[in-house]
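Next up, some structures in structure tokens.
Presented sequentially are two complexes of chain A, the first with chain B as partner and the second with chain C.
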Partner chain A sequence: MFGLKADWSLDVHERYFTMDDYAGAEPRWCTGCGDLGILTAVHRVCRDAQVEPENTVAVSGIGCSSRLPHYMKTYGFHGLHGRALPVACGIKSRRPDLDIWVATGDGDCFSIGGGHWIHSLRYNMDLTLLIFDNGIYGLTKKQTSPTTPQGFHTNTHVTGALLPPLNPLTVTLGVSNVSFVAQTVDWNAPLLYEIINAAHQHKGTSFVRIVQRCPMYMEQLNQEMQDDPSRMLLLTHDKGVQVDDAVVRMFENHQEHDPSDMAAARAIAQDDSLIPLGVLYHDPDAQRYDELTNVGLNMPMQERVQGLNAALDKFAI
Partner chain B sequence: MQVHRLQASAVDQMEIQRKPMTKQSQAIKVVDSLDVRPAVRGGAQRIDEHIVEIVSDSGEGAQKCGQSFGAVSGKMGNGVWTVEIIPAEIQPPERTPDGASGIRIRLGSKYMTNMGDEADLAVAFNEQVLYSRMANGAYKKGTIILLENMWATSPFEEVQEQYRKALLDFEEQGLIVVELPIEKECLKLVSNTRRGKNMFVLGMLCHIYSRDVDKSLAEIARVFSRKGDEVIKANHNLFNAGYAFAREEVEYHYEVPSYTEETEQQTVVLNGNTAIGLGVMASGMEMVSMYPITPATSASHYLADDFHLTGGFVHQAEDEIAAIGFAIGASYAGKTACTITSGPGIALKTEMIGLAVMAEVPLVIIDVQRGGPSTGLPTKVEQGDLLASLYGAPGDSPKVIIAAATIAECFHFVILARKLAESFRTPVIVLTDANLATGVQPIDRPQISEEWFAAPVDQSAWKEGVTAYDWDAQTGLSERPIPGMRGGEYVLTGLAHSRASKIAYDTRSNQEGCDMRSRKMSALAATLNPPDIHGDPQGDLLVVSWGSTLGTIEEAVDNARSEGHKVSSLHLRFLSPIEPGLKEIFNNFKKVMTVEINYSDDPGGPMITGESRRYAQLALVLRAHTLVDVDCWSVVSGHPLQPGQIKDVIIEHLALITGEN
Partner chain C sequence: MTNKNSSENQALPAVAGEASALAAFQQRGSAVQISVVSSANRESSPIVTLPAVAIDEDASGEIIHSLRRFHLGDPSVASSGQQVTESLLPALLHPYRDVTQIRYEYPLYLYPTGGEENDLAVSPLSDFLKDSVAAFAPGEDSARMLKDNLPWVERYLRSQLLAQQSPVDAGSLVVEAGVALQEQIGLAEENREKLQSELDSLSDQVDKQGQFLGYSRYVAIHLLIHAARHHLFQRRLRFGEIVSERMRGLIDLLAVERAKTGAANDPDMVGSSVGNTSQYFDTSALTGVMGKQTHGSESMSVERKQRIEGALKTLQEYEDDPVLVRCVGDLHDDGVSDHFDQIECIEMIHDADPCTGAAARFDAEVARYARIFAAVRVAALETEGNYDPSVHDSWFASFDWQAFTTQELQLISPLVALETAENIAGDGLRSFSQQLRSGKPIQILAWVPAYDNPGTQSGEDPLHSYRIELGYFGIGHRQAVIVQSSSARHEHLFRGFVSALGTIRTSLHLVDSGFQEEDLYLDPWIVASAALESRAHPYIEINPTAGDAAAERLNFAGNPQSELNWPVNSLTYVDDSGTEEVLQLPFTFVDYSLLIPQLWHHFRSVPVQCSCDDLLPVDEYLALPSDQTDRCLPFVWAVDAEGLLSKVVVSRALMLACRDRLSYWRTLQELAGVRNRHVELAIANVQQEERAARDAEIEELRQEHADELEQVRSETAGEVMGKLANVLLGMDLTSLSESAPAAVAVPAEEVQQAVQPEPEAAVAEEQEEVISFDDPYIDSILCTTCDDCMAINKLLFEYNDNKQAVITDPKVGTFAQLVEAAELCPAKCIHPGKPVDPNEPGLDELIARAAAYN
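What follows is the complex of A and B.
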């Protein structure tokens, strides 16, 4: 109900929201699914930011990831396969007051929604974009996704996925005006929370790729990485996310990386010998399209009538 | 100066005969009355109407010239309809029939609703472009051609030869060719005639048609206002020179009396796409989300110029799907948004339209139709998207579909569409077409209502215990919560859902949802009146139409009725739900047929039987709707319908009825 601020003043909330206030329907994801941890982290970030549920919108496409809005007690938009981002951008275009989350998957975002992914990054509207990347189509039962490892057996490539997987980080970092790029794994709760929290605080499109377990169809893939943290690289820096030493010690490999250094970010993303975790790139000053689409917002009625008259005058004879 | 004339004296002896129109356009049509005769020098001949064309290579400014001519005529109280002649390429080769670019202006002493039949007078910057117009049946015996003669003395023998041959061809077709040294005259004033010849020609036309010089000079100043005084002055000089040249050297001189007295009623000159743009502004929209597509884009170009005046923003999306998705997002968030597209865009947006139907998101979708299928005829007219709009989506996807019949309706139907979209919580498709998009007409200045700008819903708290889809069982209507409304939190979904917007795969919910969405259409239909009948409410033939063909068809019906034929017409604006009372109206006619610009099988064609014949789109809908044996006549030539052509169709079909009797 209340909290003490750093200056010892008492901050009394008229309304105080607990995690339950953001929790919608009972999740129907599979036991052991990485989505559950992501959902919990999102609830926690919302609670910590004390965003009003009625001013929060969770937007998604289609797929396991995209069920997330149903598990939020906020407004939600569970739309079409691949099309979460245009809808989210449209909402944000004239509603700067709303806090927008986008939940999408590797198929939804990188495959059918590929065009929107690229362009929405460039628009850089203030959205928190979470990609639940399990490397497989789960809801439609084990088809190859753009991030399925080459050789992995799926129902559409029974002798193994034919091509090398897409690298979402290099693609994302190649888009001009990109402003926040981070990567994490679903099974490290403290890191997951810190990265989603940093993404949420960033003003602009925060791209978070969450490497995520699918116990039903991709168990072996991420299990190996879970068992062997030496395959991951923790990025550390003052400008990145800060985690406990205990969390840092979980990872054998660390690298000090300044998130404002695009060239270094691209080099890290390009090197696929290790999975980088942390903030790869952050530019708090990138231009935001939602600050442009807002033009004329709340123009008084009288002014609009005058404007229409002025427009008609140009055609008057 | 030598002004060479061909054929002028042949007009009076011209053999009059009538050829039936077929779907294939005729090179030159012969008409049974000639109102074009050389005027007596010095005095202006009074005429009721004229059709004028200016034809050139692309980039020579013929369209700007014609638009100004039309605007001045409108200001003088004439009825005016102008339509652009647009080549499909940006830079087609010069001096080729395919490169024909220009404009047609129909002006007269009555309200003009269409481009009319053959032209009376044409100004041509070269002879080759006329071939394309002749192939389109744009001219008749006796059409006066004011032809640039610089090609006769071209340094290229080949060009001279082409020119000589063309003169013979035109003579053979009965055109009256007047060769004029337009280039030479313009060179006295400017070094680059590509910038300037058009205003010289405007001056010529303004003398020929006794246009008001002050109004013309004011129009030129308006057109070039952004370019500065020097440019305006140069163009005024060209205009004056052209005017004086025509006075001295062109013997044709007409007067076209105004049909309206000077009144207090203000007039605006708009094309259909500008009218849509202004309609978007007037409807209180805050957002247009679009992707470039011909022939719809010019509406967005206009909005890019002026939308800020009413606080709006044009979002150019990365593709057609994103364009509608963005608009749906804005609308879901309680803002007013629309998307503007054409046929291929409708195809891409279909899944999103289905989502808006399913989730009941108010949305205005404007479809400026063009020729199809596929990429089809991007710059040309067709009414080919009716069935795609009605039935394009999987499953049952009822939505409101209205079609604008006039340029004024392009404006007002956007306002109507927004109101319907919000009242019935549904997408509304507004169909217009390339003919309306490029047609220019003076219309009454709309009287603005503040109501048009009202916000869709207030943001006060949602009523406790009310679900997101609290359908009224009688009407299917429900209120919608908007993000920001406390207590209204729900998750919109494209999946089958319950009243609370929960995913529902049970046996009842999808049936109920489909029932409720369909019921909204019945509820709207119950508010509509039966359509007006143009002509008598009973007779031999009823012509049913929709969209941009209204003016042409009514003109054709009027002409046929003046000859004693028992034909009437009926024009539909609401196509979903369809206007009521049709069966009863149809039963008062011996025969009912649609006239449309979309595909239908010719009933006499090979392999076509009564069973196998594929009908035009509205005809198919009306047959299913009324169980009346509605016939159809339709073309997909890419060309707007013309009154003479439709009158022939009417008479042909009347003859069939008489034959049957």
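What follows is the complex of A and C.
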């Protein structure tokens, strides 16, 4: 139209950020740790979206994964065990303009932080929630976590974990008003990047469970999956994430899955014969609590005083 | 699209007059808003809004009455109502208000001459930048920082070229943009150096003589100069070689002639004849021995010698014309002449009658070239001994441009008559027509404002009379090249110039630039684009050499959606209930007129609250028979700077002009064979005949079928009745069953064979090609940044811009380290290849281990 091509809009960033602009301290994670790849993917997503570092916040709880804010050259909050999400929700409710990443682990989120996990999902505030799930308490040297496989020998269950592991996907998909649920593995960098990128673009709480290696205490846990991709199921759909054909060919099992279909998502999550990878559920229109708590944030001080006076006048005698 | 009633629907207070009704509407108009999303690129388009207010029937009736009087041209309402302002644009143009946010085809990169004739000569800036970067950094991730910031560089270059009237050096500007970018984004040292290296590579892609050309009033003439430069370069190079060759031939002839004289025995000539060895003996002594006798050969005649010497002198004096283009015109009023006086490669010749002046200058130029071309031909004839004075003397005595070959004519610097539409449609009409008929290869370049009527007097409303179409006037001359194009489409302009320079005919270029006397609210490029889009200035290119039929001669492909009356595009908006709706909007001559201040008095805004069934979109109005439009009020959709969407009613005079433009457009369509009425009728007739034949055939088949059915029925009934009669007559009942057709017994094997699926065709499994690389490599895209390989050898492995591992140099590590890293790598993306050092210990075992990863 009018001689203009599809890319007619000349959008220009006045500032430019490289990956170095998001890289904080030198990571102390062990060599071979899956956290390193997740961190790189987060840096890449930030660089590609050109988010401003001063308007970005990384929030975490306690655990290996929760060291992520130290490795981000942004604002950060390394908080209390299990309490990453309440802090993140608090930030979002007062500063809706900030881009918020939440890094938490299987122990931090699913165990002590379980209550916050459930309610944060329902609040659906605009956060990118990354679960670094290595199936073990790594920082405190190999204690059983909620996702430790049954029978796996740990320092708290020396004869093997007694109970079957928690399925975080079924729990998450059972929470009302959940809006984005995805799962990936740390050792497939292109898929990891695309899923984190999709999660970051979603407006609402994006729950991403990243099945992750721990080379120190769970070295063999995911080795079979790495060696045998037939144990994984790649979810494909136009509404899901799009990866290169070469990446698709890495997986033997594919399933066309519409992420807007909650019943299908729950069925996939429930079936533990294969590890599903991709976007299980996505509802871009789910109600967001932060949009409700943001009302009046920009109200001038004079109007606030008037409002307060009006409210207090009701109690005047 | 209809306005939605809001919840505030209530009766308006009674208003006495139209002005108060409008005021009341305006006041209420700000109450409720409906979001409307614009058209082409929804993510980039600004949101516009439409006030949704209650419709009051009484006040609407009063306003509609006033608008109807305005439409019909009642002078008493000329100054009343909501007049349009500069910020009110046709709805489809709303996203393009800010030219700094638009990537359009200008500025252009002008490639220097030097290559082959068909090499790329012009490229839009954005394409040039992308292609240049891709040339040294293929793939998505290489030169990432530069690629990410290329839009910034592009915008910087655009901003620097906005005020430039002439081409500027591209290399220095690209370097300047790089410096500005570095300053703007302020990277840390390491990244700064990396970006600088990428910027340097970009600069290397810019040719030394490459230029950028921004969009300006005179862009057409600059492109003509550029086209001429490319057109002449190779031709003149080849002609220079021919001249040199002919000169050598003539010099040889004269040398032979000189050798026949006694002077050939002079010591110097003797020495020259002998060559280098003459230094070993006394050439004077040899001259003494030879004496002064002449040789026995017959000398050439004095006339021939003079002819040869004359031709040689002409050729020796020949130099390439430093002037690329000669422009004849008298355009001091708008500064065109002054502008081109300052450009070195063109000669500006001032003449009040450009067409006549150009013809006179052409005669002078061809006379000069006639001497040169004659000398070349004389040289050719003389060197081959074919010059016959009885034939050729008279031929060369009357040698003029009409005897030139096409190649010779194409060597002459183009002569351009710079005309104005007013002149060639007014006082200069005669000389203009005379020039078009002359056949002299002169370029007539005329700027034609698309909104204007060139035949009108100064200050007269251009809609006061029907428009003279200069393109059609040119077509009437049949043998001239006619190109009507827009400066907004450089491809059309450039192709027209190249086409015209390639022929040896008079060429007429009618160009609309979008510039007007006053600065417009919108960028002139958009205005010129809108003129092309609205059929106000259709693209036509007539090349008489392309064939005899009009459709063969006329290139019409540059018009958007040329098969339609008007191009139609969609406008997506969100109504007050939040539902997205799509409106198909044609872009008509009336929409274009909304961009022209001189025509604003032909528009009146309709308050959004006002509704009437008589309001009709312009295209629908034009589609109605004229006797059904009496009560209709044609309107177009417009958007103001605040994003307010509204209807704008159009005057009857503008509608008549619009209908006239449409009629001209339909004529062009027929000429181009796009929508030919005769063809349409013929197609309809053929389709009707086909349909009738098909119906007849169907009817015949149906009848045949019915007859056959009836026949079978009667035969079967007869047979059954016969058998029944036999049974009833007491025949052996068993014969009935025996006479019944028995099921055919099929062997079981055959059945099995039949039901078995045919053996599947041997599907060759797609064997992935097994590629073996000797050199080690990493599929970096798969790298998980786990640091395993880094822990083995930090010199052998490093991270790229995406923080994913690459191999630096296999020689800085051992094969054992590569194999170990491959085994440790969780993504299995390290491929060790073959060992570099054949003396490395334990290679056999390492190679065996590496095989699993190669």
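Heads up, the rule we're going with is that the second predicted complex is superposed on the first by the 306 of 317 C-alpha atoms of A that agree within 3 Å, B and C clash if a C-alpha of one lies under 4 Å from a C-alpha of the other, contacts with A are read in each partner's own complex, and residues count from 1 in each chain.
Criterion: a contact is a pair of C-beta atoms (placed from the backbone, for glycine too) under 8 Å apart; a residue touches a chain by one contact, two chains touch by 3 or more.
These numbers come from a predicted model, not from an experiment.
Going by the contact rule set out at the top, does A:R44 touch chain B (first), chain C (second), both, or neither?
A:R44: touches chain C, not chain B.
Touching A:M19 in the superposition: chain B (first), chain C (second), both, neither?
So A:M19 only meets chain C here.
Examine A:A310 and indicate which partner it touches, taking first as chain B and second as chain C; both and neither are also allowed.
Touch partner of A:A310: chain B, not chain C.
With both complexes superposed on chain A, which partner does A:G115 reach: first (chain B), second (chain C), both or neither?
Only chain B is touched by A:G115; chain C is not.
When the two structures are overlaid on chain A, which partner does A:H202 contact: first (chain B), second (chain C), both, or neither?
Neither chain B nor chain C is touched by A:H202.
Applying the touch criterion given at the start, work out whether A:K142 contacts chain B, chain C, both or neither, answering first, second, both or neither.
A:K142 sits against neither chain B nor chain C.
Can A:H257 be said to touch chain B (first), chain C (second), both, or neither?
So A:H257 meets neither chain B nor chain C here.
So, does A:D7 touch the first partner chain B, the second partner chain C, both, or neither?
After superposing on A, A:D7 lies in contact with chain C but is clear of chain B.
Check whether chain B or chain C contacts more residues of chain A in the superposed model.
In the superposed model, B touches more residues of chain A.
Considering each complex separately, which residues of chain A are in contact with chain B in the first and with chain C in the second?
none
Touching chain A in the complex: which residues of chain B?
Touch list, chain B to chain A: 71, 74-75, 266-270, 274, 278, 281-282, 284, 286-287, 289, 306, 308-313, 315, 317-319, 321-335, 337, 351-352, 355, 442, 445-446, 448, 450, 453, 481, 483-495, 502-503.
Per the contact definition, I'd like the list of chain A residues that touch chain C in the complex.
Those in contact with chain C are residues 1-16, 18-20, 31-34, 36-37, 39-40, 43-44, 50, 186-190, 192, 213, 226.
Give every residue of chain A touching chain B within the complex, in rising order.
Touching chain B from chain A are residues 24-25, 52-59, 69-70, 72-80, 83, 85-95, 97-98, 115-116, 118-119, 292-299, 301, 303-305, 307-312, 314-317.
Once bound in the complex, which stretches of chain C touch chain A?
On the chain C side, the touching residues are 39-41, 43-44, 92-93, 95-96, 100-105, 126, 145, 148-149, 151-152, 154-155, 158, 184-185, 187-188, 190-191, 488-489, 526, 529-530, 532-533, 560, 567, 569, 781-788, 790-791, 801-804, 824, 826-828.
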